[in-house]
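Take a look at these structures.
In what follows, chain A forms one complex with chain B and a second complex with chain C.
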Partner chain A sequence: MVELTVDGQAVGAEKGKMLLPICLDAGFDIPHLCYNESVRPYGACRLCLVEVRKNGRGRMTTSCTYPVIEGIEVLTQTEKVLRARRLVIELILAMCPGDEEIQEMAREMGVEDVRFEKEEKDCILCGLCGRVCEEVVGANAIHFANKGSNREMIPPFAGEATDCIACGACVTVCPVNVIGMREESDERTIIRWKRTLKMKKCKVCGNYFAPWFQLEKFRQQAGLPTDFFDTCYSCRE
Partner chain B sequence: MKRINSVEDLEREREKIRAARDPNKPCITICTGTGCHAAGCYPVAGALREALRTGGIEGEVDLRITGCHGFCERGPLVVINPQRILYQRVKPDDAPDIVSETLKKGKIIERLLYVHPLTEEKIVREDDVPFYKLQKRIIFGNNGNIDPTSIEDYLAIGGYSALAKALTSMEPQQIVEEVKKSGLRGRGGGGFHTGTKWESCRKASGDTRYVICNADEGDPGAYMDRSLLEGNPHSVLEGMIIGAFAIGSNEGYVYVRNEYPLAVENLRIALDRANDWGFFGKNILGSGFDFNVKINRGGGAFVCGESTALMASLEGQPGEPRAKHIHTVESGLYEKPTNLNNVETWANVPYIVNLGAEQYRQIGTDGSKGTKIFSLVGKVNNTGLVEVPMGITLREIVYDIGGGIIGGKRFKAIQTGGPSGGCLPESLLDLPVDFDRLTEAGSMMGSGGMIVMDENNCMVDVAKYFMNFLKEESCGKCASCREGTKRMYEVLHRITEGNGREGDIALLEDLSFVTAEASLCALGGTAPNPVLSTIRYFREEYEVHIKNKKCPAGVCKELITYRIIPNQCTICGRCQKVCPSQAIRGKIKMKKPFEILPEKCIRCGMCSEACKFDAIEIV
Partner chain C sequence: MENLNVYAVRLLTQKEYFAPGHRSCQGCAEALAVRLIAKALGRNAIVVQATGCMEIVASPLPFTSWEVPWIHVAFETAASVASGIEAGLKALMRKGRLPKKRVTVLGMGGDGATNDIGIMALSGALERGHDFVYICTDNEAYMNTGIQRSSGTPFGASTTTSPAGRVIPGQITWKKNMAAIAAAHNIPYVATACPSYPLDLVDKVKKAAGTKGPAYVHILSVCPTGWRSPTEMSIRLGRLAAETGVFPLYEIVNGRYRLTIDFPKLRPIRDYFKYQGRFRHLTDEMTEQIEERVHREYQALKDKCQ
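Now for the complex of A and B:
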């Protein structure tokens, strides 16, 4: 355990844990878009900036990628931090002016309008969908392509995400809600990744409960018997 | 070649090589570096070989193909040894004369000599040419003496003696101390103390450690690492083996740009030969130390010169940086302690080990020791690679070594440190060049690019050029760099198009702040330098663009108009002939000065270039 201070308040934390979750748990309000506790720290959105001072020297850094050490002094609301966060959200808003979540965040930080040509993107390039798909689901169905402002999260060759199991984890973690999932009769579609899979019907209740492709993948990976997924999760003993 | 197993064997072999060579035997060295290659050195080499054959002195004269000598402006370069006569801008047709006059009769061919631009004196010896005379070529100088594909050439000039010394008479910790004491700082841009880095890596926990040579040189106009690898690859490899021994690493990588095919090839040849001789592999020189190096070719992303992105790329991941709160010396390649140094840094190591830190420290300033190789390009007379002691002034580099500005024009700025360096004005020409002074002035050492600009360069346009490069090369991972560089470019672009708005300078400063302060890696961290330094030193030029919609340097097309000065026009019609858009009105027989039609003019400047009477001005 190490001791640190956040805005003057003493906080205890496990050494090496990232600063952002520690601050959030301790009740400090730090904006963030690309952080999720289920995946490794990444540092893409740059909103969780804080100032960290140690041995008399201070620097601004993203708290999501900063492993805590003994005795640091963390400042979450300095003028420099707030200025940088306002500029970052202005840049993100100019990229995705239609995202309601971003508009709301910008308003809260005092940014009403942007000083740049507005683009018409919707994805903020936080990478959460791809990271969850890789690190948690293990499907690796989507990835970033290209560099600079041509960067985009896409399925292979921008076609159908043929490794996608339509689990919907990406849909859940997306902070701006732009991926989208649709279920119609016996089909589930992950809209952004152009992936439609047939659903399996539960032998007991008759409900469609999960895509065939997904269940078959799980069954093979875990070495389960062929009839293992004949019943849905709710109807199983 | 059978493996050498001891220092005694090495020295015996070295003596054999030296004994077989007569130092008085004439030797023609031909520079085949990037510049001379472009200028046609290979046909010259072929012609010389042929002339030696037909002249019947094939066996009496050695012909050596070398790497870059540095004086690219004057290529193809030929040096006749042992007299060290420099012939410049040599053409294949000159070969018979070189053989029949200089080699057979000992006569100097006047037309091929370098002429001092001020005194008009013809200079015979390479070392007397001001371009070379004022340099201190301790690292780069050997390029002109060796064939990079011959390990024997490298051994003959004392190659691998530093390795022998390090392996047999120094403890690893002692080598680290020596490098620390030398004051050597990273030549790739960061300027971090090399010895300190080695020590941290050496002390880091774990059994496996890696050393990496960063040869992903990507700055526009910079080619010193390329020229070192092409011209003297063994010096870099020798430095790496010594470093690996000091740090306790048995495995190394050279990450080299795939766009440098000759560097890759010469490095591969050098590595194979050094392997044959026993400088790599198991039990090097009988010391019990094992070390191997693999060559990895980069895929063409500028950001892969950043250490964490480079390591990600080596691992087969996309070349994107990660946060460096845990340093790469503790957790780098494959999460193992990793020491990464640039090509030039590694090449300094054998020199330091051989001569000792004390002697090395004599060169340079308090905070920056040794020499630095710069690629001096742009509007300067003597374009080329120059190696100078730290602390030399910009004026000495530009005027004494570089020979001043092309066409006697006025110096305006010098851009140092690559695309994310800064532009320094005339008032800073007497600034001593070292890591700290350049950073204080708002620029940086970077990897050593130096671009000289004259009165015809628009500083807003220059900032826009570099920002375009940076926005294209930003990996796009973090929002502040990806969006910040894009938006800075957007604002700079509209200023140069005449659509600048009041407040744009403040907006650029805001964007610079967020890009520099909030970005993940050094690419974003330094990206605003071209903007901030030009605003700092050339603010007026920005204001004229924004408020008066004019480009004082006459570069930004939307802000200039070409005009024919009536009483200077001789009615020759040349401008009309070259104009691609039929924008010039007039007839020779009408005997009236010609006129440019602004609505048709595309501001290409062809007329102005064609006019022999300076009758076309930019307003």
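Now for the complex of A and C:
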């Protein structure tokens, strides 16, 4: 256990934990977009900036990638921090002016207007979908490509994501809801990754319950009998 | 959303706001529902709970399972206390006595506290347009006092005050459609959910919390004790309730209906009844009658979704 102070309040924390979850747990509001506790911290969105003071010297850092140390003093609401966060959200808003979630967040932080040239992107490049696909799902179907201002999250060679099992984890984790999924009769499509998979029909009730490709993968991984996924969970005895 | 339960559930917050160690029965789906609700709302929530199972099991003095501010109020007043808290927060934030931030005020009650005893306070709060969420965790009878019938009990179910026998075949009235009553107030968000579909439930509670104005979520919570069903069947019974059309899962956003989980073909209602002791006495003829009405109501709902 280490002791630190956040905005003047003493907070105890487990050693090695990152600062952002500790502050959130203690009730301090820090905006963030690219953080999810199920995957490793990444520090892409830069919104969770805080000021950390140690031995009389202070510096600004992203709290999601800062492991706590004994005796630090964290300031989450200073003018300097708020100004930096406003700039960050303004840049994100300039990149993706159409995202409602970003617009709402910017409004809450007091940013009305964008001074920079606007782009027409919708993805904020937080990388959550790719990290979830790699670390949680283990499918590695999508990844970042290119560098600098051309960076984008795409399936291999911007074609169909052939390793995608259409589990939908990226759809639920996306902070700006731009991935999108569609289920029509016997097909499920992950729209952004151009991946369409046939759904399996339950032998007993006739409902479609999961994509073939996904079930086949699970069956092989777990060494289940070939007829294991013939029935859905509700019909399985 | 409903079929994404392979990996997507792992991305929910790992922090528990409804701690384990409470005194609910084995196989209680209501405790599961409350846990998911607490996760969906996060720490910026104030919970107002009417008397009922979840109040009893989660707060035996001096313990509590709640890790967010929580207040227990009389049976009929959950909605009115929630609206008072919402008004108080608004006033304090306006005067600068509290920092301005989003705090979800959640009123919660069982089917008894919502459908029967608290309906007047709830109707008032919905009509006044307070920015709060009301969640009814419906286990279809007054379970914690010993399974007395409520207006949420479905037709034909045997309870201690509607015992099946020579005189009556269990409950003789149809289940009150509380979600429709809430929707009749023209509030911005109404939904039905079930903990057997966890992502769907979390999604709906989050949507309800994000709605400006009143929101109502009706959650079917399987109760093995009162339904006389095996404890390990709770999750499956919730799924069967949706798949047979007994408890369709839908949401109404600003008056627009949408079935969140639709089945091309409904399952025979027998599948749902056969695991439950409270329906054991039903004859084939009665089951068919119930099925016919369930299908008719499901079709009517589907027509609204067009």
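In this section, the second predicted complex is superposed on the first by the 233 of 237 C-alpha atoms of A that agree within 3 Å, B and C clash if a C-alpha of one lies under 4 Å from a C-alpha of the other, contacts with A are read in each partner's own complex, and residues count from 1 in each chain.
Definition applied: a contact is a pair of C-beta atoms (placed from the backbone, for glycine too) under 8 Å apart; a residue touches a chain by one contact, two chains touch by 3 or more.
All values reported here derive from a predicted model rather than from experimental measurement.
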Combined model on chain A where chain B meets chain C, clash or fit: fit
Chain B versus chain C as contact partner of A:159, first or second or both or neither: neither
Touched partner set for A:125, first chain B, second chain C, both or neither: first
Chain B versus chain C as contact partner of A:214, first or second or both or neither: second
Which superposed partner A:91 touches (first chain B, second chain C, both, neither): first
Cα-centre angle that chain B and chain C span when viewed from chain A, reported as a multiple of 10 degrees: 170
Touched partner set for A:12, first chain B, second chain C, both or neither: neither
Which superposed partner A:110 touches (first chain B, second chain C, both, neither): neither
Touching partner for A:46 - first (chain B), second (chain C), both, neither: first
Touching partner for A:71 - first (chain B), second (chain C), both, neither: neither
CA minimum distance (chain B, chain C), superposed complexes, angstrom: 22
Chain C-touching residues of chain A, taken from the complex the two chains share: 24-25, 27, 29, 36-38, 132, 136-137, 167-169, 171-173, 183, 185, 188, 205-210, 214, 233-234
Chain A residues within the chain B interface of the complex: 41, 43-46, 49, 60-62, 65-67, 80, 83-84, 87-88, 91-92, 94-95, 115-117, 124-125, 127, 144, 146-151
Parts of chain B lying in touch with chain A, wherever the complex brings them together: 301, 303, 318, 322-323, 325-326, 471-480, 482-487, 490, 507, 510-511, 513-514, 517-520
Complex contacts: residues of chain C adjacent to chain A: 1, 3-4, 6-8, 10-11, 13-15, 43, 101, 199, 236, 239-240, 243, 263-265, 267
